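We just call them A, B, C and D in the order they show up, numbering each chain from 1.
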Amino acid sequence: MNFLSDTTAPAHPDILAALADANVGYAPSYGNDALTAELTERLGGIFETEVDLVLTTSGTASNALALSVLCPPHGMILCHDEAHIHRDERGAPEFFTGGGKLLPLGGEHAKVAPEHLERALAQWPQDFVHAPPPRALSISNLNESGCTYSPSELRALTRQAKSNSMGVHFDGARFANALVSSGENASTMSWRSGADILCLGATKNGALGAEAILLFGETRALLPELQARQKRSGHMGPKARYIAAQMLAWLKDDLWLDLAQSANTAAGNVAGILRNVGATIIHPVDGNEVFAQLDEELAERLRAAGVGFYQWPDGSARFVASWSTSNDDLRALEKVASG
Amino acid sequence: MNFLSDTTAPAHPDILAALADANVGYAPSYGNDALTAELTERLGGIFETEVDLVLTTSGTASNALALSVLCPPHGMILCHDEAHIHRDERGAPEFFTGGGKLLPLGGEHAKVAPEHLERALAQWPQDFVHAPPPRALSISNLNESGCTYSPSELRALTRQAKSNSMGVHFDGARFANALVSSGENASTMSWRSGADILCLGATKNGALGAEAILLFGETRALLPELQARQKRSGHMGPKARYIAAQMLAWLKDDLWLDLAQSANTAAGNVAGILRNVGATIIHPVDGNEVFAQLDEELAERLRAAGVGFYQWPDGSARFVASWSTSNDDLRALEKVASG
Amino acid sequence: MNFLSDTTAPAHPDILAALADANVGYAPSYGNDALTAELTERLGGIFETEVDLVLTTSGTASNALALSVLCPPHGMILCHDEAHIHRDERGAPEFFTGGGKLLPLGGEHAKVAPEHLERALAQWPQDFVHAPPPRALSISNLNESGCTYSPSELRALTRQAKSNSMGVHFDGARFANALVSSGENASTMSWRSGADILCLGATKNGALGAEAILLFGETRALLPELQARQKRSGHMGPKARYIAAQMLAWLKDDLWLDLAQSANTAAGNVAGILRNVGATIIHPVDGNEVFAQLDEELAERLRAAGVGFYQWPDGSARFVASWSTSNDDLRALEKVASG
Amino acid sequence: MNFLSDTTAPAHPDILAALADANVGYAPSYGNDALTAELTERLGGIFETEVDLVLTTSGTASNALALSVLCPPHGMILCHDEAHIHRDERGAPEFFTGGGKLLPLGGEHAKVAPEHLERALAQWPQDFVHAPPPRALSISNLNESGCTYSPSELRALTRQAKSNSMGVHFDGARFANALVSSGENASTMSWRSGADILCLGATKNGALGAEAILLFGETRALLPELQARQKRSGHMGPKARYIAAQMLAWLKDDLWLDLAQSANTAAGNVAGILRNVGATIIHPVDGNEVFAQLDEELAERLRAAGVGFYQWPDGSARFVASWSTSNDDLRALEKVASG
């Protein structure tokens, strides 16, 4: 009963099988292979626009690389105070930007509140030489409290950002979970809602390690800059075909959406189980994450039975379901929870 | 009637005269001159402990250099949300630390509140590889709202920092103003209250450009690291004797305290004048800065008469008095203010 | 007939199979899994000493991370002018160290010549505040001209480095090729010859993407610093078990040495084929790389027939054999070469 | 008899006097003062073109700031192996560029040889993602061996740079010495010979601490970027009027050229004195620096008599004359030298 993180789950068999299929003969290295080209084409179709991309094996790397082409060293990145880039990446954006500043913003359920964004933009102008100007807005969707921004919520924020000449980054480590939760399509949940760059993650949703940084529209002109930084940071994988192969298999026949749907459904069940035993679910369960306020007795019982969950800094308990969370897992949790 | 900043004031004549005295013959460059040695000795006496120091001509540089020897690239600096290092140095600490993170904390009147510090330390532990650990606490005294921390306030904060293995930096751009305001001596307001490094500024208090970074106690072992960074950042002045000369004159016969006293007294008078015409003074006027909420009509009248003040991001008006603020300046302000 | 690079080769079937074996159930993420622990143990045995390690998927990342814990931002890394870290990593060491300097040294066949190292150490002292002191020596073995340093050659260099308080980094992207070429064992070719850190690469020798940074002796104390930087640079893989699994399979039953032996033998054959048609082999062929001076007619004939090789900056042609270079490949090359 | 460096000399009285003249009343801070505006105008006249500028108090800072707007973190700066930016600034360019690489080039008398530049450009192409492309060429004039590049020598180099889309930086720490040595005017020795940015130094030629970074032509568009970096690095002096005042006095009535002429003449005399006692002068004495090969007996005699000179890494002795080197100094040197 491991609900610690979706990174503890194994890879989906189809994705593993794709590695074997890709393991034939010689292939150009560093992203010049046929599978990477095919993937670029495929994602263009899914996102209904031409895209440029680079691949990595780490969501932290993807986020930091994306932000480093949007924000200069003397600029600022606005994000929610709960954002993964602020809380859980050991200062990766600061490192990759060469010392850019992150300004944490407030808002319920880890969603940036438009009025908080507005206040920050008023306090930190674009043309004051003494302070870093806001140059990028970063939004996680699915976000760090397991909630989905709707397209109109996204647009309310990105419109503010764009009218301040800022770039917009979407952290999509759990993008598929947000997609199936919202019922929207990929383009609506990305560039049509203002994203200039989307970090699309497969690692938490069935891959061994596969992440794509997608550039949309005019931001595609930043591809050479992005590749230079990808290389320089050790993220231009010599045998990139194996990353592309994973992601192609993940996208094939909507596997990515099916896996996300499974995880979301399982999370809903986890929430139900916890609610039934008196826990308070503190954020809407839109995706595959559940944040619960447990009483100490319940928490102890779960721990004693080996149920894995994560103690969140605010005192709540985070349970993450994954594509591989089984009905057995859920039944076992229910049994332990109900004591 | 210039109350924009103490950086708009001229230098005190005694300090200018000291440059001429120092301008005789050859002197070793880069801080190896006799005046720098004499200054080190003198400051040791004033602070009642042996100190090591390096000199710069900029408070921003001093703060950033000091922080760069306390906080690694993957660490975090805690400071007040209003701190100059966070708001007004264009990301200098992030640059000098190689991408360290600043975490802004709350508290009334720009003083870090102990409970805010405690909460931050609870949320950001020392041993979590995924997040930057707090490595340095930075406290401005006089602070950015013109308030003085008392020794016991300082100790309450630095004790927390030290029990978390953090270094402690005091931003003393207006240290002399805090000294005369508190009536405490230099040692009590620095290392005896927990400072490992003090950035002692003379530029805002009568010098042309002279700042000292003072290392206390065990932190003195960081001198070579500090010098390497001073050189590398272009702050090891080739003709350092002229910085040392300024600071020696500034300290001589308590000139620094007299100048600070003048500025503080003038600020008290500015506050009185503004209060008399109905303005609200929003922070205690401990030093040489006054923050007033002006009605629009008063603000407009002052501006029209050429009174220089600074619009603060929170909507208030900041008036800064300096050693050179004259009774004529005050009378002229009073006349304009009373309409 | 692809001799462009060993990074164009597929993965060995045993290594692919190990991924499937590892793909069972939940596993702690970020390197806390059982396979990583097993690998640490295994490598300790092979290197005949306790080691600490972190895993990445990129040799560039491994080198840069290793160097970043040996060299401060204001220090210098000495390496050969042909070193991969200097020529082919887009400034990764400069990035990871926060602006450290690389000083390129001379020497035949891409081997640092002891007298060049000595001269550099004389010109760049440890205690001159105005210049970056040499803090790390980096040696590639197998090196960039395909040559192996012998243990005594290594010791002559590392002894100089250590008597100057420098750390020693070995770039072992093709370490296995150097091992089988020299007939020495792993400990002799690493820490017993002065390496503090070895970047051990499997990617070019049969893996999909697997690299280990090994810390020896006192350098093991730098593990937390290394992990902080690994995280911060996006190289702490969330599903690290798949990297460890590859490397365990690679080491099993000396597979790594067998694969390296195959590649070395194939390279020897390539060299023979080219020599037979009049090409000059310009460096000893100790490992799996051949550098040949081709006349234009021969180069053209090879290119026309689709033989992949790399034009080196010095005008020579580089042919790289890999574990998967087959006898058919060699016969086909011979046929084309002999016209 | 101090010939250690021109940084050990005092300031010229006229420049000191200008500080007193500037020390009247309030002035806008951070470079928005009237003197800085006047200086910009004045330099535009002297250089026969509109310029933009920022002021600092350090040549190291000026060089590093200038290079940081020409070279991205993943780019490369080409300079002579003897360049001050490479040898004597503790990695400042690497720091300010965020990890850019310096590639040292050869050439007699510390002048970059065109064929060395050509070879470097051939080996390090603009469009190879795996290596930092050359983005800036840095030329010191007067250079580190005390030699002056002629306009045609400058053009031969800058033409190569520009045809590779590189920016061109001139380190003019001793620009005035090169001017009077060459008899050329300021525009011919800067932008007309290909400089995009000139770091014009007064500190070594009579000022207390005053350096200007001059932007020419299209490079003027980089002013906001340069100012952001100036602020961020602590080099936007709060009381910039005192730097501008120094430089205005320095330029007035050709004082800068007179001082440089004095220093150059004195250096010529030093060279004559040393030659007369059998020393070999190893570089042309174009400016105010003399490099001599001394026999040990002579060196010892000079040292014993308190003659200050600097032991250069190549074994020679460097003697630097300054504006304040007097005939008494020269006579005393002659007396000691002739034994």
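Definition applied: a contact is a pair of C-beta atoms (placed from the backbone, for glycine too) under 8 Å apart; a residue touches a chain by one contact, two chains touch by 3 or more.
Source: prediction; values computed, not measured.
*Asks:* Where centres are the averaged C-alpha coordinates, which chain has the largest centre distance to chain B?
*Replies:* Farthest by centroid: C.
*Asks:* When contacts are scored as defined above, which chain pair ends up with more C-beta pairs, C-D or B-D?
*Replies:* Between the two chain pairs, B-D has more contacting C-beta pairs.
*Asks:* How far is the middle of chain C from the middle of chain D, if each middle is the mean of its Cα atoms, in Å?
*Replies:* 41
*Asks:* How many Å are there between the centre of chain B and the centre of chain D, using C-alpha atoms for each centre?
*Replies:* Taking the average C-alpha coordinate of chain B and of chain D, the gap between them is 33 Å.
*Asks:* For chain B, jot down the residues that touch at least 2 other chains.
*Replies:* Only 30, 73-74, 89-91, 95, 98-99, 129-130, 228, 231-232, 236 qualify.
*Asks:* Within the complex, which stretch of chain C touches chain B?
*Replies:* Residue list for chain C touching chain B: 30, 72-74, 98-99, 129-130, 224, 227-229, 231-232, 236.
*Asks:* If you look only at chain A, which of its residues touch chain B in the complex?
*Replies:* Counting only chain A, the residues touching chain B are 73-74, 76, 87-91, 94-95, 97-102, 104, 122-123, 129-132, 313.
*Asks:* If we count contacts the way the header does, which residues on chain A are in touch with chain C in the complex?
*Replies:* So the residues of chain A in touch with chain C come to 2, 4-5, 7-11, 13, 16, 19-20, 23-30, 56-62, 64-65, 89-92, 95, 203-204, 208-209, 228, 231-239, 242, 308, 324.
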